[in-house]
């Protein structure tokens, strides 16, 4: 759907893929842990604390991905200039707005 | 750590446990989907879109849990009154603050 | 528009009105300070830092108001019970959702 | 404190200064309106609704400022390259993180 030039040209653009995957696996584990808490009817406040912690972890992942994207794809597009740069800047701006409002 | 009276007394306090578990399983699936996108080095903006969607889904789960907690545990504690009520109100207030800031 | 029973019955429901007004005046001052920064074309990052600080200050005001509301209006409505209690619980739940998503 | 090269070099970097000032004046007016509501002890839920609306308005201002900053200062720094570019990218990344968490 979206432009795929960036990740194609910059294979390995994610600065620390293993670290990112580790954080995402931990987040997946948090999702499973919260399911168990619901199944066991744990105290709602304790479940909510875990949901807030998981949300914060997701925010950090998003900020890390955004950094990588800016440092690679946006920088490269700006170097090329023209429509490509404008398009990338609009795209990252929309992504930041979605993130802030999520 | 937290008070556990509420869920013990009100077994089944979660108004729609199956629905909640279904939403949490979907969120777990989103976490796995995002890992695959990272492994396949999908376009960062597309990954970010999925992270924002997952964050919104988590927010909805949190708001649903909070509603259940207020309608059951807080209402019951207020009916009892005294320290129990004050404690529950302080506790839910702290949970809301964590949620707003996560 | 909304139910006005609560503030009518519980005149002085805001636990520390002077403190709240002081915080709101400080927020108004932040809004004026940011206008001056824009007029003087200060560095955008410095303006953004002030906008983030002002947003955090507003969040704290909202959480304080919510606490007061829960401790007074919601508690009183729950004591009365019935439709009034249900209505207040639904109302506060909607307010929390708006706050979390703002 | 911060680098001031950008606004010095790009006087008029704010794409629509008058529009931005108008929005900030409206936000200042919201801050005053909320003070009046507190003074008149309006219903807390109605005050909270105004605080949420004001927070959303501030978010929009922040996203607009960020766009301008990216389209001007960051683009220019990237064109120059080197330390200046790295510094600007780090700086905007920190600003986005503050915004997301505020």
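Going in written order, the chains are labelled A, B, C and D, and every chain counts its residues from 1.
Just so it is clear, a residue touches a chain if its C-beta (ideal position, glycine included) is under 8 Å from a C-beta of that chain, and two chains touch if they have at least 3 such contacts.
A quick map from chain label to UniProt name: A, B, C, D = Transcriptional regulator.
This is a predicted model, so every value here is computed, not measured.
Which chains does chain B (Transcriptional regulator) share as contact partners with chain C (Transcriptional regulator)?
none
Average the CA atoms of each chain to get its centre, and name the chain whose centre is farthest from that of chain D (Transcriptional regulator).
With centres defined by C-alpha atoms, farthest from chain D (Transcriptional regulator) sits B.
Rounded to the nearest whole Å, what is the centre-to-centre distance of chain C (Transcriptional regulator) and chain D (Transcriptional regulator), using the mean of the C-alpha atoms as each centre?
So the centre of chain C (Transcriptional regulator) lies 20 Å away from the centre of chain D (Transcriptional regulator).
Between chain A (Transcriptional regulator) and chain C (Transcriptional regulator), tell me the centre distance in angstrom, where each centre is the average of that chain's C-alpha atoms.
Taking the average C-alpha coordinate of chain A (Transcriptional regulator) and of chain C (Transcriptional regulator), the gap between them is 30 Å.
At least two other chains touched by the same residue of chain C (Transcriptional regulator): list those residues.
Touching at least two other chains: 59, 62, 66, 92, 99, 101.
So with touch defined the way it is at the top, what topology do the chains form here? Options are line, ring, star, complete, other.
Ring.
Of all possible chain pairs, which ones touch?
A-B, A-D, B-C, C-D
For the complex, give me every residue of chain C (Transcriptional regulator) touching chain D (Transcriptional regulator).
Contacts found on chain C (Transcriptional regulator): 1-4, 6-7, 11-14, 17, 20-21, 24-25, 27-28, 31-32, 34-35, 38-39, 41-49, 51-56, 58-59, 61-62, 65-66, 68-69, 73, 91-92, 95, 98-99, 102.
Over in the complex, which chain B (Transcriptional regulator) residues touch chain C (Transcriptional regulator)? Could you list them?
On the chain B (Transcriptional regulator) side, the touching residues are 59, 62-63, 66-67, 70-71, 74-75, 78-79, 85, 89, 92-93, 96-97, 99-101.
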